[in-house]
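Labels A, B, C and D are assigned to the chains in the order they are written; within every chain, residues are numbered from 1.
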Amino acid sequence: MDLGTHGGFILGAYGFTVLTLALLIGNAVRDRRAQERALAAFRDGEHR
Amino acid sequence: MWTRLANPGHFLRWSVALTPWLAGAAALTGALGLYLAWFVAPPDYQQGETVRIMFIHVPAAWLGVFFYGSMVLSAIGTLVWRHPLADVAQRAAAPIGAAFTLICLVTGALWGKPMWGTYWVWDARLTSMLVLFLIYCGIIALWRTVEEPNRAARTVAILTLVGAVNLPIIKFSVNWWSTLHQPASILRMGGPTIDPTMLYPLIVMIVAGTLTGIALHLYAMRTEILRRRVRTLTIREAERLDPGASVMVAYPAGPSA
Amino acid sequence: MRLIVDNLAVRRSGRRVFAGLSFALGAGEALAVTGRNGAGKSSLLAVLAGRLRPAAGRVAAEGVGEASIPECLHVVGHRDGLKGALTAEENLAFAQALLGAPRLAPKAALERLGLAHARALPVAYLSAGQRRRVALARLLVSARPLWLLDEPTAALDAASQDLLAGLMDEHRAGGGLVVAATHQSLGLADARELRIGAAPQPEAAP
Amino acid sequence: MIRVFAALVARDLRLAGRVGGSGALSLVFFLMIVALVPFALGPDLNLLSRIGPAILWLAAVLATLIGLDRLFQADDEDGSLELMTASPAPLEIVVLAKVCAHWLTTGLPLALASPLFGLLVALDGPATAATALTLLVGTPALTFVGAVGAALTASIRRGGLILAVLVLPLMIPTLIFGVSAAQAALGGTIPFATPLTILSGLSLIAAVVGTLAAAAALRWGE
């Protein structure tokens, strides 16, 4: 489809949104993994 | 029922069950919304194709405000009922709300350039969102500064409520200020009269955004609960390794010799 | 008044300080809280002062009517609450206005502690011992039944320690209560002792 | 209760007088910002007189931040705050007294000195008077909003920067109406009284909300 003369702005807006959401989700998943690893370390008695 | 649902253990169970459904529903409505927004909705007769930015700009603005509202409710839960889940909900909401507010600001700027010929105009709505973003930044900064979680929750709750009292005042004053300073020729973003062919995609996108936000929020809340568990376990571990301090009891002795 | 502490447990930043503490203190009684550094003496005093929220249990006062516990007590601790730029007398006059229930005039209170000469000096110029005595003089400027003293003899010489012991005896004779956290003997006659320390280890943890 | 209030105000004023702390410093800071603006914009007196009220207000907002971080922190560190919570008067009275004393030593001198600094940005008589009046009415709002931030960060070491981040967004309404009132006096479409009334309203709201919130923050400090 033809986005006209302002295609860059439209794609930029959508691109930024996708990027921010990806960062948000990626960070949430990374944080969850870190906490789960820490919990697992306690469960396996790594600290004992 | 609500007290049962709000019990952290119960919360973990029902939120684990619910999150995939929410995420799936969000993906489906999101896909539908994008299809409608890109292939069904016509280009605006004034704004042309750039109107497609509205379909993310408006939902993002709504979510920025929505998450502040949920933080206010959680803040009341923290201060009045001292409910641990309220602390967790509040803490998990702040970065998500800030991210959506940022999306709203950036897409607004990218929409503004082709429409107004400049990335930023001090339009009342954009300015209010900017202030909201600044308040979010303050809240996140305060979360990071106060180390002890319960104290941080109470401190942030007070700030959130003060911000909530202030936001309507800010909105009002910014409106007043912009009518004072601006020429009236600015295009209004998504005015009250909007064509149904644009309205339905917009509504679908708002629903999709809200589902995404809630799914993210539930997920982040569970992470936060895990983080607190890790913290508790770490403290127990430290107590265990320090036998002198681990089981401290007081002996009420009689009159001393 | 009568101070009742029931099954008190205290945590600081999630760390357990002590647990299962119960005692009652009646009019004219004194309690010496002992234990090694970091055992939780100061934390106990902070809970009694209403500055720290206990993790479990309760602290109650009987026979004081409507007044809340913080309104019935004096605290003298490490942080003395004195402003260095104000004179000893000004500090005490402020404390008197703030706490209410005036008893001795600031000047008279300073005389009791042997600081009559230092009355008009800014507290910042006083030695640690003199400063501590100014803080102790606060006990005399307004009448409150419960005294919470955290290491009150720190930085005091022998003569001042005797003076403090006399003040405490006088306070208890008038029906007052004293709770003091301390390393050393305070010269409190027939004081009860509360030792905070490690319990005998039950069994080695699995 | 009035006795406690008076004693607290008197103590804080006396302390400010002896230590010579933040009051004088914030005045100097105020002067410095006002002096910096012409270097940034050029010494065009017409331009300066047009934006003069805005410069003075912006300088006032920034100068209010000076010393704010020590408002409750100093008392928290040396145990005075503990003494104050043992008072029969509620903590709200303590907060109100301390904030009033703080305003008397920072906000009031700022408002009183503003005509002098108005000369630097070429304000004429009526504009100077209007700006001073708006500062007099509006700076209490700034101080009370700032007090909330001071109470929230009382136990945080080096809380000065985060304090600024927390309270500056909340000061925007005061800034908007303060500057508009002063501009209205310079001539404009709106009457002077409208923004001035709103500004006084903001100060009252800030006094109520700020006192309650700051007391709550201090009470739940630990």
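Brief remarks on what is shown
The working rule: a contact is a pair of C-beta atoms (placed from the backbone, for glycine too) under 8 Å apart; a residue touches a chain by one contact, two chains touch by 3 or more.
Everything numeric here is computed off the predicted structure, so don't read it as measured data.
In a view that ignores chain B, the other chains are joined by touching into A | C, D. Each chain gets one centre point, the mean of its Cα atoms, and the points for chain A and chain B are 16 Å apart. Averaged C-alpha coordinates put the centre of chain C at 38 Å from the centre of chain D.
Computed centre separation for the pair chain B/chain C is 46 angstrom, with centres defined by C-alpha atoms.
Remark: chain B and chain D have CA centroids separated by 31 Å (rounded to whole angstrom). Along chain C, no residue makes contact with two or more other chains. Shared contact sites, meaning residues of chain D that touch two or more other chains, fall at 222. Contacting chain pairs in the structure are A-B, B-C, B-D, C-D. Residues 1-7, 9-10, 12-14, 16-17, 20-21, 23-25, 27-28, 31-32, 35-36, 38-39, 42, 47 of chain A are the ones touching chain B in the complex. If you check the complex, the residues on chain C that touch chain B are 13-23, 32, 36, 38-40, 44, 190-199, 201-202, 205.
Of all the residues in chain C, the ones that touch chain D in their complex are 49-53, 67, 70-71, 73-75, 77-83, 85-86, 90, 93-95, 97-100, 122. The part of chain B that touches chain D in the complex is made up of residues 79, 131, 134-135, 137-138, 141-142, 145-146, 151, 154-155, 158-159, 161-163, 165-166, 169-170, 172-174, 176-177, 180. Within the complex formed with chain C, the chain D residues making contact are 3-4, 6-8, 10-11, 14-15, 18-19, 77-80, 82-89, 222.
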